[in-house]
Structure formats: C-alpha cells, structure tokens
Amino acid sequence: MTAMLQVTDVTKAFGGVVANDAVSISVPQGAIVGLIGPNGSGKTTLFNAITGAQAIDAGSIRFEGQEISRLLTGEIARAGIIRTYQQPRIYGGLSTRDNMLVSASIRRGSSPSLFRRANAKAIAWADELLDFVGLIEKRDILAGDLSFGQQKLLELAMALSNEPRMLLLDEPTAGINPILIDSVIERLKVANSKFGLTLLVIEHNMPVIMDLAQHIYCLAHGSLLADGTPEAIQNDANVLDAYLGAA
Amino acid sequence: MAEYRALTPKRLLLIASLLAVGVAAPLVLPAYQLQLTELLLFIVFALAWDLVGGQMGYNSFGNVLFVGLGMYGAAIVQVGLFYDVGLYNAARGGGTQFVFDVPQFITGLALGIPAAALISAFAAWLLGSLVLTMRGHYFAICTLGLGIAAGQIAAGIPWIGAGSGMLTPNPPEALGDVALLLYYLALGLAITCALTFAWLLSTRFGLALNAIRDDEDKAEAMGLKTHAAKVTAWVIAAGFLGAAGALYGNVVRFIDPVQTAFAGATIGVWMILMALLGGKGTLAGPIVGAIVFQIMKELFWTYLLGWQRVALGLLIIAVAVFFPAGIVGFIRERGSAKAKEQNQ
Amino acid sequence: MTSNLLILYEAPALGLQLAIDGILIGAVFALAAYGMALVWGVTNIINVAQGEFVMLGGLISILGAEHGLPLWLTVPLAAAALYALGWLLFYTVIVHLLGRDMFNSVLATFGIAIVMQQVMAHVFGAADRIAASSLGSWFFLDNFVVISKMKVVVFAACIGLGLTLAWFLSRSRKGQAIRAVAQKPEAASILGIETRKVYCLTYSLNAAICGAAGALAATAYTIQPYGGLSYTVRSFMIVVVAGLGNLGGVIWAALGLGVAENFAGFILGTQYQIAFVFGLLVAVLVFRNWRLRRQRKHLE
C-alpha cells in the first residue's frame, strides 16, 4: 500500500541546531498516526515543514504522490492538508460562526463563490460542526472572547469544516478541560471513521495518543528514535530512555 | 457579517431618510455646497482606505496615489478627447482655442470618470502583486514612498503641466450650475461605494478580508487564496479612489501634482484619520469619521488659519494614541464587553 | 537622459565629482539612519518624524550662525535642543505607543512630523536655507573636480559622531542598558533596569543625533521645514538594507545611497532625484521581499 503522506529524509537546521535530521515517516490513507517525543525533539518543526510554513534544507515530502516540499502554504492547504496549532489560531475579530463560514471548504469552491453570501446549506454545515465540538451556544460571540479550550475546539471545528484529506493536529488536548478530553478523542475517532479523515497527531498526553493512534513515531533530538504500534512504543527501551532522560 | 445581512424596514427607512438628506442638502445649504461635495468625496476616500486598512489590516499610507492617478487620468481624457493635451497644458488651459461646449464637457466627464476608475484599478493590480506581499510597517512605508514618488514624477512631466499643474476643462456657461452637477455625481459615487462595500462585506469575500486581518498565516494555512483576495480588495478600493479623484479634480479645477493630486501629507493622511476617527474596520465608521473630520477641518481652516496643519497633526496624534478604536469602535467595544460578561 | 549619460562617458571626472559629493552627503544619511535603527531596535517604533528632527537641527544651527555662533557651538546647541524635544515627545506621545500596534506609532509620529513642519515654517520661514560657510574648496584635475571643504568637515564630523555613538552603546553602562533592553526587555527589567527610562533615553538620544546631523548638514546643504520626509524615507531604506544595529552596514548603505542618488539626479534630471529616492525604496523593499518569499518568508 502506498502512503498518503510520505516524508523522506527531511532535514532542517536553525543556525547550528539541527531540528530535523533525516526524518522519514509515512502516513497511510485513513490512518491515525501519532507523533511523540520530548520537548524540542522537532515535532512541530516537522509539521511546519509538511504544511510549508518553513522551507526544508533537504529531503522530500510527497502527498498523494505529489512533491509538496517546494509548494507554498496555501497550495499545500488546497491540496488537502490542514493543520491546527499548539496555541489555537482563530480569527479573533470574527464571530464563532463566521470563523466557521470562512473556513468551509474553500479549496473546493471556485472563486466566484467567494462573492456570495453564505447560504443556508453552508450555515447548517457550520452549525453542525459547532454542535459537534459543543460550541453551538457560542456561535454569535467573538471568537477572540472564547476561552483557550473553546478556541482550541473551534480551531478543530474550522479544520473539519474545510473538509481536508488529511488533518495535522498539534497537541489537540493540551489546555482543554480534562473532563472534555475523552469527548475530543471520541470526536477525532468519529471524524476518522465517519469522514474518512486521515490524522497525524502530535500529543504529549500518553494515554491519549496510545488510545487514539494506530501507529506511532517517536522523535528525539531531531531524529527518529522508534516507530511501531502503541504497544511496541510503550515497551521500547529507547523511547523510555528518551523520556526519562529528558524529564 | 450578520450586521449587513438584514434589510429590515427600519433600516430601509434610515437609508431613505439619509438619501433625502443627501439630495436636499445642497439646496438647503447652498453656501456649503463645495464643502458638502468635498465631504461626499471624503466619505469615498475613507471607505476605500478602510476596505484595505480596516477590514483587511493593510494600512496603506499611499492611497493618495490612486486619487492622483484618477485626477490626472480624468483630466487627460476630458481634454484629450478634443484637444492636444500638451498644447493645452503649455497654454495653461487658457486662451480662446481651448473652449469646451456642453456636449464636449459632458462627454468628457462621462468618459473621464470611468476611465479614471479603470486607470487607478489597473495601477493597483500592477502594484498590488508586488507590494501586497509585504506586511505591517514595510507595507505602510512602501506605499508612502509610492504616493510621494508619483507626485514627484508627475511634477517632472511637461505634457501634463509638470510642476505648474494642470487645469480641468473650463465648464461652459450654458451648462448652468456645474457645482451642483458635481455634487450629485459625488453623491451617486458615495452611495455606490457604500452599497458595494456593504454587499462585499456581507459575502464570504468580506469574511476572508477580516480573516487576513486577524491572522493571515492562518488564513493561508486554511487554503484561502489570500494574495488574490488582497489584490482584489486593493483594486476595488483603487477604482473608487480613482473615480473620486476624477471628481475632486473637477471640483477644485486646478491639479497641482504635489499639493492636490498626490498630496500625501494632506488627503493621504486625512483619509486614514477619517477612518480611524469614525472606527476602523466598520462600514459606518469611515462615513461618521468623514463627517466629523470635515466639520473639524472647516473649523480649523476658519479659526486657526495658518496653524491648521498643526491642529490636524495634533488631532492625528490624539486619535492614534488615545482613541484608536474610533467612535463606532468605541460603541461596539462596549457591546462586546457585555457579551463577554454574559459568556462567563 | 541619454545625452547626460554620454556626458558622463566623455567626462569621467564628472562621474568622480558626483561620486565624491554622494559619499559626502551619505554620511548625514548614515547618522539619521543609525538613530532610526536605534529607536526601531529598542522601542519597536518607527519614527516618521526623523527627517523633521534633522530639519529642526539644521534650522536651529542656522539661527545660531546668524547670531554669530561658531559651528562647534551650534552643533551641540542643536543636539541639546533636540534632546529636550525628544524627551518631551517621549513623555507626551511615545510612551503611550510602547508595545502597541506598529500602525499607531507610524501614524502618531507622522502626526508629529506634520505638526513640526508647520511650526518650523512659522518660526523660521518656509524658504530653503543654508548656513553661510566660508571655508572654500579644493580643486583637482584641472578644476574638473571641486570638493567643498565644508562638506568634508561635515562628513568627518558625522562619521565621528556615529563611531562615538557606537562606542557609547557598546562600552558605557547606559549604552549597555539600552542594548539589554533591546534584546530582552523583561529580563532587563527583572535585573532592575528601568525600561521606560531606557526607552526615553533612546528616543531623546536619537533626536539629539538627528539634531546634530541637521546642524552639520545645514552648513553645506539646503534645509527646508517641509523637506524632512525624504530624510525619513532614506533612513528607513538604509535600515532595511543594512539591518538593525549594524553601524558598518548603515554607513555602507548610506554612502551607496548618496552616490546612487547623485548619479540619478544627474542622469534623470534633478527634478527626479527625490522621485528616485522613493522609487528606490519601493524597489529595495520589493526585491528583499521577493528573495524572502523564495524561502517561504516575507518582510514583517
């Protein structure tokens, strides 16, 4: 089976610090893949490389067979990769629902549709997803006035409304009320099974990622340390070492 | 977005009464006709600045470029349709050989204004592809440079009168009250501009501009075609600025390259002040701001002659430092604070 | 235009003359740009009133010269007056802009510039002015190249002032405080540095530098109450090319600008010299941005 996302030997250095050293990962279509590693191990750098936020020094990134490592952020997004951030990024000056409306699958809409008002169908789609993440009550509030956790959920809903082929999530449960974490995981699983969404997830919360992912990559000091099923990773001596050593 | 959606009876009534005031104003206050015309053009300037500055977050200090291009563009079309522009300017537009009869004058205006809009829009499209990739203060200072460079270049071209400027065609006596005609043209332009922007801001394009303002990198990472949206907004704004510039040139009659056409230190910064004073990033703000500004400006010019720039400069500082949300923004912030309280 | 190029080709000495004059004025640009970079780097504010500071310094020194004061007195006088103005502006306006959106500071300092222009025109008159200088000139190459002695003095004094300032920033305690605040304001304030005082010192110092630059420039170049903006734009452009906090880069960029401007003025005609400066600014920004875009970055 060919992978949907194939990262091969990606290297990125900032000055003298090598943040990614010949990292290779592969994400099959329809899978949920986890990316773990101690702080500063290069996880977010890899996300930035895949989504085009930063140029890479060497290596190749292929998405559905197409080389995307030279494309600009917008082109990669329109190819079908959408990400969320550790610190949620929403449009603070827009209402919660408008955040959804402006995020809805624009890559599939041709440009004239930009000069139309959001129709009932688009509003229904936005509200459905707001309901899905439990923010429907907040739809008329300025997104900038939402709490951190609410913004995080809104960002997830925005990403889903874009109907990407692949979703990159940077610590989706960090900063979210612990009571809500289980429901977030549940929703991500539903998004994966119901919408056929492929997920690549950075997560620090080990129980979360062990529960969510089918396959896990572990980075340390910019290089790939180990990969395998959650069980294999949990019992990997190198992984345990990296975490204990870093702690 | 929701605020522009509904055309309730109350709103229709408001629009109708505003329209009535607009139509009646110059007849009721003939002594202020010139100031009223200027006000309508200022409303267009402020609205056009705000589409890009307030709604999209790209604070241009050089929008006066499009005003000046429109001003010269229209004047050149108005003259060039019937006479040689170089000769006309060499004779300072005077003499018996450069007379415009009624059909000529009307044709000139009818073709000159749309031409001005097109010229400015085209310039915005050309320049936008280059400068709209810059952000923040780089964009601000770069556009400032563009506006001033244009004035200096215009001042060096003899064909359009060089440093001694250019006169717009002398209106024929037979036409009657040309000032009133220009007023109603300005009224039409201001209404068209406000309605177009109200519609634009109610579409997803308006949301896209706001998204770019709030977090452009995020918008890009969400697949929005940010560059195309930015250039489109700038082109639309420039079109209206060009048309307003065309009318402004005909109102003041004399186009000085640095003092009227590409006047960065006056109109160029006034339009920012008007938008800011009324409330950046709102539709009503620039309109309210233009009205308040025009009144203050007239007061300054009447009572502080010789020091009016000082007064305006102090006003700019005061607004930038102490009142950046503007009148409409101030009212809205209080509403938002209430909503926030309810959320908690 | 082509005929002017031909003249340059046939009389290379003229090119030499243009280059030398360009280098000499470039030192004034360098000083103003260095001050702008200082304020920008430390307070994150772009001072659009930079050129007006230069003009005011020049006008004060012209006034002093008319009352019989020698150059070595008018320059410190202008610097001191501008230092006081900088201090005043800091506590009335600039202090409210710290940490705010850059747009507010650009607009507010633009407002300061507009106020200063008309006040200066009222106090000193709106005409082009130049201080009388009686040093004469050196003549070279059969009088084809003329170098004004005063311009050489101005050049040397500007470079000297710039080096003194760089030394002050790197060696003195106050200078080190400025640099500390520029790099890590929070850490500096924890260490007991009063950041607001440092910001004030930086802004006032910049005003004084501009005042001195203007006072020196007034002895050899025209000064005009409404002529400040081109100095602001030149400073901005030089800083964009050289980067913040790099005196060497600032000097090279400034001298280069002086030379380029002089050649452009000759080839295109002096009426286009200012247009060239502003056009070059746009070109520099577009070019830098284009190069960054290839690395998926942009000017920000």
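Lettered A, B and C in written order, each chain numbered from 1.
As a convention for this text, a residue touches a chain if its C-beta (ideal position, glycine included) is under 8 Å from a C-beta of that chain, and two chains touch if they have at least 3 such contacts.
Remember, predicted model here, so these are calculated numbers, not experimental data.
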Chain ID, smallest distance between chain and overall C-alpha centroids: B
Most widely separated chain from chain C, with each centre as the mean of CA atoms: A
Inter-chain centre distance, chain A versus chain B - centres from mean C-alpha coordinates, in Å: 43
Distance from chain C to chain A - Cα centre to Cα centre, in angstrom: 48
Whole-Å gap between the CA centroids of chain B and chain C: 32
Residues of chain A touching at least two other chains: 53, 72-73
Chain B, residues touching no fewer than two other chains: none
Chain A-facing residues of chain B, complex: 1-2, 5, 200, 202-205, 207-208, 210-211, 213-215, 217-229, 281, 336, 339-340, 343
Contact footprint of chain B on chain A as seen in their complex: 51, 53, 72-74, 77-78, 82-83, 85, 89-95, 98, 101-103, 106-107, 111, 113-118, 138, 140-142, 145-146, 158-159, 162
For the chain B and chain C complex, residues of the former touching the latter: 59, 61, 130-131, 133-138, 140-142, 144-146, 148-149, 152-153, 155-156, 163, 264-265, 269, 272, 276, 306-307, 309-310, 312-317, 320-322, 324
Chain C - residues contacting chain B, complex: 46, 93, 96-97, 100-108, 110-119, 122, 229, 233, 236, 240, 269, 271-272, 274-275, 278-279, 281-282, 285-286, 289-290, 293, 298-300
